[in-house]
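These are the structures in question, set out in turn.
One chain, chain A, appears in both complexes that follow, with chain B as partner in the first and chain C in the second.
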Partner chain A sequence: MIGFLIRRVIQAIVVVIIVMLLVFLLGHIIPGGAARAALGPRASKVAIEGFNRANNYDRPLIVQFYLYLKNLVWHRYLGYSYHFNQGVTNIIEERLPKTLVLVGISTVLALIVAIPLGVLQVVRRNKPVDYILTGVSFVFYAMPPFLLGTLLILYFAIDTHVFSVEAPQGQTVGAILSDPRALVLPEITLAAITIASFSRYMRSSMMEAMTEDYVRTARAKGAGPRRVLFVHALRNALIPIVTLLGLSIPAIVSGAVITETVFNYPGMGLLAVQAAENTDIPLLLGTAFVATLATVAGSFIADVLYAVVDPRIRYASR
Partner chain B sequence: MPPGEERDRSGSAWSDVPSVEAVGSPPPVGAPASPGGLGPEGGEAVSTGGMLRQIARVFKENKLAVAGLVVIVLMILFCWLGPVFYHTNQTNAQEALVSSTAENAPPGGQNPLGTDNAGFDILGRLMFGGKNSLLVGLAAAILGTAFGALYGAVSGFFGGWVDAVMMRIVDTLLSIPFLFLLIVLAVIFHPTAYWLIVIIAFVSWLVPGRLIRGETLTLRTREYVQAVRAMGGSRRRIVLRHIIPNAIGTIIVNATFQVADAILLLAALGFLGLGIQPPQTDWGSMLSDGVTYAVSGYWWEIYPAGIAIVLVVVAFNFVGDALRDSLEVRLQQR
Partner chain C sequence: MRDSSRNVNVSVTWVGGPGAGPEREVDVRRTKGLLSIAAVAIAAGMVLAACSSSPSSSGSGKGTSVPTGGTKMAGGTAVWAELPGSAPNFIFPFDPPGLFSVPNINQFQYLMYRPLYWFGKGTTPNLNLALSVGQNPVYSNNSETITIKLNNYKWSNGEPVAAQDVVFWMNMMHANKANFGAYVPGINAIPDDVTNVVATAPDTVTFTLSGPVNTNWYTYNNLSQVTPLPEAWDITGAGGAPGSGGCYIGAYGGAATDAACVKVFDYLATQAGYNPSNPKAANNSFSTYATNPVWQIVDGPWHLTSFDATGDVTMEPNASYTGPDKPSLSKFVEAPFTDESSEYNALLGGKLNVGYLPLSNVTKATTNPEVVAAQDPRLPNFYLNEYYGWEFAYFPVNFNSAGNNGAAGKIISQLYLRQAMQMLVDQPAIIQKVFKGYGAPEYGPVPVLPTTDFLSSDEKTNPYPYNATKAKNLLSSHGWKINANGTDVCEKPGTGSDECGAGIPAGTPLTFNLEFATGINTQTQAAADEIASWDSVGIHINETKSTFDTVIGNATACTPGPSCTWEFEDWAGSWVYSPDIYPTGEELFASGAAANYGSYADPKADSYIHDTDFTNATLDQYENYMAEQLPVIYLPDQVQSLTEIQNNLRGATPQNPLSAINPEEWYYVR
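And then the complex of A and B:
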């Protein structure tokens, strides 16, 4: 297990280093230069020279990369947002927990709904319920989240006033959680897309588990159908879902960008969109970098969970 | 990831087919593929006739796939031939208003699907924007899959440290939430339709790259590849003439899903205002414009584009699922 952990940590570190290099390079290939992007097309030559000196853009590229790494690792400095007039790290620190709350709750919600749905489809396979759920999951998979979000707003917030039009606008995570009426629609929107693919995957994983020898053995020794289904088949069918969860994290975080924009939820995704609207390159790259870090951490946790749940993984990696 | 990660086919059209070989028409006598004929040398070119027949059979058996194909063809006809019969002005709002009833006009009369907030006829705009959505979706998927296939084949064929480095790059890019990557690229390279194709392809080559690499790892140990090596065939020849043609099934199946995903990605960019820029438009940008007004009760400004996106994406997924089923049967036959 220790060996597996070390290998996995090294892998994660390599990914993070390549991402740092990529972020650095992207910050330098902006057509017209970073100074023009920050100061606007009508900035004077003097202003641009001053900006370049202040940000070390006049130094050799290797020196710049060294300084960038040093600032990032030692001072957690990701640049300065000229639009918000604040350090990028400060802004992200305030927004990141809110996105984690949004993504966390919706993922749990998606699992709670998708796993029973997949099991139900296997129990009633090739019956109307199975076909209807398959059709519905295809539609939800094809539905852009912003369309679903808008439709939910139209029916549940504007026509019927059951939930709020806008996501909670609180400054802290506590304030956001204390307004569940406003939180419902964003969570449903973000969960719906994941539910579609999770339940499909759960269905095929469960279907495969039902054909395994241990299920036949369990039946032969006299275990009831309920026990076979929930104890023998379900527990094994859940293992691939843990991997799927790890692999889906980038998609879920991407979905959060759209969901946050639709509901004006003050998280990282909305921040990235605001940064894009204002061509605030340091902030934009900062959000992309931190979102990637969160994703790498999430996949790492999923992989470790996978190894804990399924001992074969640990032995195979030796 | 497409929803139908299906390995079980007990419920599909295949279950009542006793033997796939028995269903297909027998190969014509003296066909090039027969041993001793003048056909392609071992493994050089896949007999595409057999594969096309296989695909045709999939569509014969699978009604959902036929429905999907019909939707795709109709949608292409609608977007490219539609404007020939249904003239509307979609680039100049002033002129568009002359033939429209008013801005935000409900469906009916002169404008069967109503008009949008600038006075553009929505039915005409659906064709106008659909061209961009379908074109960018198809082109980005083809470009991304082609590059991914080549990358994967090279990585898998060379193996060793080349493979390790090439695959770490894929791992890294895959762990960046793709929408963040798209936004960064769209902001840095102010997107035109052509740039959008490249940008979306840049995100969508990763999955096919990894898939084809996996396939190459098994293909390169096959006898025919070893034979070419023994005869002194160049690496380039092996990759381009032997490995890629033999992985073509996987490549085509994946490309189908990539089209659906590319259309969704373009729609997402359009919604964020980073898609195709005015006076051009796409279905995602149409939705984005419509959302503000749908809240004021102008429901017809979001449904047409929304339904068009969902229809096309579901259609490509149905076709992809059916093709994958046929590929799996092909693999079982080997």
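And then the complex of A and C:
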């Protein structure tokens, strides 16, 4: 296991560096350059040259990348965003908690709802309840978040004033959580789609588990339906869900750009889009770094949890 | 200044949701068809249910004109929507390049730090002395001397706004001009042409220039940039004594003064979050904007009480304000938005007192761009006011382009080609069809709307009205074989009056590359119309869609050569005349000008531009020539915004065409 962990950490570092390099190169391929994007179209040639010099953009790409990594590793410095007039670290520190709150809550909600739904669908398999829930899942799974969010806003916020038209506008986690009414609609928008996805996985996984030999054995030994369902089948059916949860971590960190936009909630998703639109290379790299870290971490956690919950899985040391 | 606000009304289209993953095979094939129908029915039902409960119309005519009457009330909070993506992010009123923007200056700093001269009177960009710190500038000595007496303004620390405060700003400018966003080298403007600035009396400052100037140009385009700064800001560290920096009282242009002013600028810019000496310094200054004692010294009607990194701004009245129009409101709030749909939702949800109606939500087109046709029935408590900025829309063409095997620039240099292209831009049709009537035609460098005295009588009418036949004849009479909806070809090379032109060989196709910025649906539609129109006479356009930053990045002046290949670049925006409010051409059309991206070069134009800057010539000769010569392709200008103002909020109109806001003039009525 130790060997496995060490190998995964090394892999993660390599993946992060490769992704950062790709994003770095792609960012520099964008025509026009960061200078004009940052300084505006009125910038003089002298100003552009000065900007490029101050930010090392006049040096070879490989040197620029090396300097970026050196600052990142030794000084934890992710660069400066001229567009936002802030250090990239500051911007991410402000936006990341907001995204974690928004997407994290929706993911937890999704789990709380999707698991029982999936179980219910298996218990009532091929009955009207199963069909209705399947249909609803497909509707929400297919529905673009901007459509769902807009409809929810139109009815529940504008027409009936039950909830707020926008997500909480506070800047801290405490401020955001202190306005739960404003969190309802964005959470429903995000969770509905995730519930649809998770419940389908849960249903399939439960169906598969219910046909396994150990379930037949449990029944043969006299276990009641509830025990068979919750003690034997569900615990095994949760294994893919655990994996799915690990793989959801990148989304929890990277944000949901559409929901953030519709509900006026600037988070990591919108930040990444803005960075690309503004050719804000330090910010682009910063958001890519965070997203990549989250992805490798999520994948790693998924693998570890999988081994933890399934005793059949053991990662060999070489 | 480019209109950055035009380019942030972005509708983001993105498909997907969080946590989406590969779907596992499930046993629903049998019921898939039925479920699909059910899914559509449910979705349709939700849409119908949501739409059916819209408030009924408030009746015709209501909400389309500025309401009057009511009894003025003191107090109240007004929440004003920032344009999406246009949150302020710099408080120090000496803005570096990249931070020099309308959201920072006109909509944030000016509320606290009054500029020497205020521009915007009614819907015109004219000098407004009633709101200015300076009285009318007096030009003497062949306009080489300017004497400015100041009105009685006070800083909130009790100090008067003095002539030396103006000198302080000029000292700062002299030493740090490369760090000032509006500085344009090479045009002999402020501060390059200022040989001395002296406070000749506590309330009188005198400028000495290096040569005569056009007084309108100098007042509107140079003095417009000056913002008096308090002596208390002449420091290089926290707690420093006012004036200890050495920049405030230093002799203008002296080496010691410059050195001192560099340090003072570095300190103040760092306090505002921008650290030019060390861009790698961590920036966490936004949280200090409302508490840093430096920024609390104001002479404007407002002071900042709250600010955050996303652009939420709260201001309260400056109790020490001595200018006219003391605020009636007790609080003014600027609210940021991610895009226009979230702003519109906030408007519908009652979160805003002043917001914007997206053009896509306009229910009825107007036949008069200055008259609102109909209000959005979902906003019965608001009235709608159209707002045209002081700008004109265009896209540059590259006179030096080496595209099309070296012929592109040569073709573009032919006036008849530009005339034909201009004649194929059907401005009235684009305004009516695409902008729903809310747009202004542009025939030259001086905006048609808002109406001003700057517009010459010639430029009031279109010298090149839409005429496809005439455009086609223009091309054919210059040696081009017309292949309508195909590509014209040069049949008669040469420099004769009926030939294609110098450097255009026989067989050259009449084709151009146009890169245009996406993100604004109306601009994309307008571009599509223009391209179809050009194509109809055989001017074939190869279009490429890119982001705004990519387009402006590519639209740079280049010398003829293999790397100078761009031909047309359209960033779907406008040239905003601010702070160069007097619409002259030294930045846009003079040979070698910083924003002369297409490298247009015409000695006659240069001469006319020179006259508008340095003699008493009016704009007429210059603007008529530019309208005739087409250094760029002029495009219809979409209304900058359709502003929704709560019915019981007065004073918010007329709107300043320079995008400045005066919430001190707003008040509620009962």
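The rule is short, and it goes like this: the second predicted complex is superposed on the first by the 288 of 318 C-alpha atoms of A that agree within 3 Å, B and C clash if a C-alpha of one lies under 4 Å from a C-alpha of the other, contacts with A are read in each partner's own complex, and residues count from 1 in each chain.
Basically, a contact is a pair of C-beta atoms (placed from the backbone, for glycine too) under 8 Å apart; a residue touches a chain by one contact, two chains touch by 3 or more.
The shown structure was predicted, so the numbers you read here are calculated from the model rather than taken from an experiment.
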Touched partner set for A:Val296, first chain B, second chain C, both or neither: first
Contacts of A:Val103 with chain B and chain C, given as first, second, both or neither: second
Partner chain in contact with A:Ser248 - chain B first, chain C second, else both or neither: both
Partner chain in contact with A:Tyr77 - chain B first, chain C second, else both or neither: second
Superposed model, chain A: greater residue contact from chain B or chain C: C
Partner chain in contact with A:Thr287 - chain B first, chain C second, else both or neither: first
First, second, both or neither for A:Ile158, with chain B first and chain C second: both
Which superposed partner A:Ser197 touches (first chain B, second chain C, both, neither): both
Chain B and chain C footprints on chain A, overlapping residues: 30-31, 138-139, 141-146, 150-151, 153-154, 158, 165, 197, 200-201, 204, 207, 244, 247-248, 251, 257-258, 261-262, 273, 276-277, 279
Residues of chain B defined as touching chain A within the complex: 1-8, 10-11, 168-169, 171-172, 174-181, 183-184, 186-189, 260, 264, 267-268, 271-274, 284, 287-288, 291, 294-295, 299, 302, 306, 309-310, 313-314, 317-318
Residues of chain A touching chain B in the complex: 11, 14-15, 18-19, 22, 26, 29-31, 125-126, 130, 137-139, 141-147, 150-151, 153-154, 158, 165, 196-197, 200-201, 204, 207-208, 211, 244, 247-251, 253-255, 257-258, 261-262, 269, 272-273, 276-277, 279, 281, 284-285, 287-288, 291-292, 295-296, 299
Of all residues in chain C, those that touch chain A in their complex: 1-2, 4, 10, 12-21, 23-28, 31, 35-36, 38-39, 42-43, 46-47, 49-51, 53-54, 85, 89-90, 97-101, 178, 181-182, 184-185, 272-274, 276, 279-284, 286, 308-310, 312, 336-339, 341-343, 345-346, 348-349, 351, 378, 519, 546-556, 571, 587, 594-595
Residues of chain A that touch chain C when the two form their complex: 30-33, 36-47, 50-51, 54-55, 71, 75, 77, 80, 82-87, 89-91, 94, 103, 106-107, 110, 131, 134-136, 138-139, 141-146, 150-151, 153-155, 157-159, 161, 164-166, 169, 171, 190, 193-194, 197-198, 200-201, 203-204, 207, 244, 247-248, 251-252, 256-258, 260-266, 270, 273-274, 276-279
